[in-house]
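Here it is, the structure, as structure tokens.
Letters A, B and C name the chains as they come in the text, with residue numbers starting at 1 for each one.
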């Protein structure tokens, strides 16, 4: 058993799947169907294996617990999130990817493999390498299969991603130079003198990649223009990896300086969240709304991570997973709606609850998930973060809560307009959810509900991750 | 006899290559017209293969950079084989029946190997001249073509200018030190003659920079690459620049090793300028050959950065990887055929990813490698340089290099996107065997290097 | 079985799922049965609690363990919670029965699901022991109320109201969450159940006042407190059976429960209690004044409800939480009954809700008229019925502080009674404004009359029940003067009936339209908050579209590169210039060394 490495299999399986898919032959329909099925199978197997990895190690809070696999608690959260969201992403390929399905599935699995490798890496350079590598499949998926201004927004994404990499790389090189090795353990033990530059680099990385004001434009645009499967991977997990990097690297290395700067940083994060919520008020389209709302939610995460207390960090990790799931579910529902109404040529649909009751209900519930309505998972994470921030600054907490209200206002207007009223006249009867979509919705909903009602497991993982990191 | 043999041993590969090249000329002249070309090609090919094998068998001299020099020579001969194969196919495609191509390549390669392996300035100069003069004729190969002859003329001016400046520098060095031997210069105490020696070194560097295509002496590269016939472009990209950079590396690790501190700011500035110039130039290109030229300029910058931190291993690794990637790019360039025509515009790539998925995927892998995107080989080469630069303490320099790499990445990503975005307008002919082999090899190296590098 | 209390939740889930499977769902039957069984269960629990002192704390599912403290999904019901749930479930049952003949059949499914959902949320919220569960009940109650509002979503006015309704409720979450954060940071605990005596002293002076203000701001949307009362117009858009449950029992219940739980933290601070009293008095006054000017019967009743909530708040400040709680419980049944009465009237008039178009319905609807009057008496402190016990107690407390307080309370109750009488007078007395097409009495169905009768009976006798159970001992010994003041207050009802029967058909002019519009509060909010925010949002959006970094800069770069390329291609000698420049650069970079050496 010691020779068999579960993480290696978890990382390698999607790559092998991608390679296998490349050799699928046949006419367009057959290729498309087989690619999707193989990709879904591989994604499910990867998720199953990552779940097995969760139980393969003894889950104890003891700091001397022996990890039998090369995944620690912090990585585990992201491994589960990445593998689950890839399953969702591949599941919706059918409706949102009209051509070159084989290549798309291939890219999705490659992106998954790179992201998994990045979070399982115990070496900073390997992490950086594969994290940057994961951006390129996502870029291609946006640039080729997106809508309207896909090219321009894909370049924006790439530009911001590379800018973040430029900020991170010198920090890594400096730390590795001091520590003599790039292992996370060695890096965590380094206590450099010029923490200010390191902190500035990490903050730059977070600002570009998370993203935060004023480098935020790429996320909302890319998520609006990218096809739904890409949006799920991008919003759901790729932007969260910036927080993973921050918690892994910045807090041990530049903790003192960051603690001194905490009030300014918190103000920045709060402003970013508020700004994102404010812009969301102007949006009227369902898919675009998710991108802008995500900006505000990233601001919440940033505020939590700048607070730097164990409770807020636990809340941040928990909220990462929660937001990732919530926004993915929302994108699936909004994407399903958008596709139907675009095909029917309807620009401003109304009355969906009457004409498409299943889809309307699913969309409504997904809006609640994104808004972090209690008792859903994101509310728990936000609550814990806001309590800590309130302790440090009541004004900051007030503005964060107010941002939440602005988001609520935006989404209330959206779903009242979309779901209620007279149904829009369509040239042909619009199909409600197919059995596949129902299965996917029920599956996601069940997972989300289970984690909302009993979040202890995820919370324990987050707690262990924070304990280990600090 | 033994003594003569022992003296010739270090240059045996070059000697064998030269002999085979001369034989190829004789064969080309004397053999029947239908067989002349094939015989000449075969002779040069045999010479290159023999030289390649001999490079593994001869004893490496004790000079600093000698081992790296031998590796560079292996890369040069290997690249020359690829260029020969490209050339043979191109000549057949264009229906040129002349045989001079192969001997010119042979002479040029021999000269490059001599320049890299030289142990004194004169030999190095001779090697460089032997390398570049055949290139003049190769550039102007299409005598009836205006672009080709104009490029040849431009190259002539540049080569002569570069050589003139180089020689001037060498003469200043000689005036200061009284010797042109590398070993003697390395051993010499330079403190008394330092200022003037540095000026001499500056001129030598200027000459070498001109020949290699390092900013701000790089402007000729785009025009010459565009005007030259396509396999000659490949020759410039793969071998010529590498040989000049190798010559520079020899100088920096041999006679001017103790002047590394003074050389560093110069090299760093040149590296940053090259990287930015290459990237900025590439952004506006619509011609594949000019794009390769700009990429080569940017790669020169990376190589100079490696040299500035005095890491021979890093330089070698980045040179090798860049050569393989450029070989892939040149093979792509040579395979862009529609019917009877070799298309040089990048617009031909639009939609090819969808029309020919396998080819599109291979092209994408090469482009991503050339762009320096992780996890492809190009990034690994640059990353090594960044790491070495950061370890040497010049973090701002490292940052500038990273910034400078971004425009090039944008250019290649734009190409890849174009390949998959729309439907293809023209159907590309199947790639010939040599190009196909090089494309596959280059794509494989680009995508799998990370595993070999232990990431 | 304890889980019978949660039967409405299971029934709601079943009906919701069954509706999608397109089966005939028997929604009303199943809903009524489940609420009935739940009501019986909670009543039995109330008996056991009253006679044997039994409390219930059943853990349903584990939730979270934070820093050693265990928080779980639990129903924790002590005396106050049990009583509250009894009345909430009872009110739900009455409204369900009423709805059978009120709502069209196609709306019944959704109505039952949302009503049952709302009931379950309230039980979960009230039975919460930790803040997570509590906020689940709190926010979901607003959401289900919104869904009940959206029953008639075909009308655009309803949709607009729904959005405002939800936004207001969410806005008021902010101060409540801040209050909870304050509490959690001071006590280190995320509980909402009974706090230990030590933790009750965590707030002092300005902290206590701030906490009180935050809590009151948090419940202001639910209780229509002064400042948030513009929400009444939106809330009144809910259809009658839902409104009768939502306004007094559901939203009011969870709002008063929050006050009940958090009041002990500010009980000992006089300033905080003054805040309660003053805000309550303002609310009551505003409610009565606006009700007197209102022409829409549902809005008027909601404004009267607002006045009642103001009275409850004043009871908090002046007497204490137990009396206030009792005052609230006492208002649920009569106010529910009043709204259901109004429903009968609107149904008889085929949806008419405006008072100017009503009148002379006494002959057609004699029973509802009488019920309305009697229920009105139960609301205004007529001795021995309704909320009279708390009114009596309040008179006693105010008398101790001076004559003015008692006089103001009497005037307030008189005005409230007058307002109820105005409604009854305008609707039932005077000339009929409807067509005489149906001269015979409109006979309300049994499913509407039975709940009204039950509510009336309970309103009559609940005072006795409270005196035996949850009403605290009187703070002061009541006197006959207090009794007289109570009668004076309640006299507003017959006085009003007499007045409006004499002056039927005359609508109030002058300042009435100002009060009808909510006193200009809506306009104030719009100018001070909504418009600036929308303008800020517009500005932020325009700035976001400017895209300096990712659009303008790359374009500039591209243009510069193109110009450079053009320049260099067209001028061959440029190479020589660059060559010379490069050479100079090389040489001069070494100049410092050369000069130094």
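To be clear about the criterion, a contact is a pair of C-beta atoms (placed from the backbone, for glycine too) under 8 Å apart; a residue touches a chain by one contact, two chains touch by 3 or more.
Source: prediction; values computed, not measured.
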(request) Please identify which chain has its centre, taken as the mean of its CA atoms, farthest from the centre of subunit C. (result) B
(message) Using CA atoms only, can you tell me which chain is the most central one in this structure?
(response) A
(request) Return the distance between the CA-based centres of subunit A and subunit B, expressed in whole Å. (result) 44
(request) With chain centres taken as the means of their Cα atoms, state the distance from subunit A to subunit C in Å. (result) 36
(message) On a C-alpha centroid basis, what's the spacing between subunit B and subunit C, in Å?
(response) 78
(message) Show the residues in subunit C shared as contacts by 2 or more other chains, in ascending order.
(response) none
(request) Spell out, as numbers or ranges, the residues of subunit A touching 2 or more other chains. (result) 155, 159
(request) Give every residue of subunit A touching subunit C within the complex, in rising order. (result) 152, 155-156, 159-160, 214-218, 275, 278-279, 281-282, 311, 353, 357-358, 361, 368, 373-375, 379-380, 383-384, 386-387, 390-391, 394, 397-398, 401-402, 404-406, 408-409, 412-413, 416-417, 420-422, 453-456, 459
(request) Please name which positions on subunit A make contact with subunit B in the complex. (result) 22, 99-100, 102-103, 114, 125-126, 128-130, 132-133, 136, 139-140, 143-144, 151, 154-155, 158-159, 162, 165-166, 169-170, 173-174, 176-177
(request) Spell out the residues on subunit B that touch subunit C in their complex, using ranges where they run on. (result) 154, 158, 161, 165, 194-195, 198-199, 202-203, 205-206, 209-210, 215-217, 219-220, 223, 262, 265-266, 269, 280-281, 283-285, 407
(message) Please output the residues of subunit C touching subunit A within their complex, sorted ascending.
(response) 20, 61-67, 73, 131-133, 135-136, 138-140, 143, 150, 153-154, 156, 159, 162-163, 166-167, 170-171, 173-174, 177-178, 181-182, 184-185, 533-534, 536-538, 540-541, 544, 547, 549-551, 554
(message) Applying the document's contact rule, which stretches of subunit B touch subunit A when the two form their complex?
(response) 354, 357, 361, 368, 373-375, 379, 383, 386-387, 390-391, 395, 398-399, 402-403, 406, 409-410, 413-414, 416-417, 420-421, 450, 455
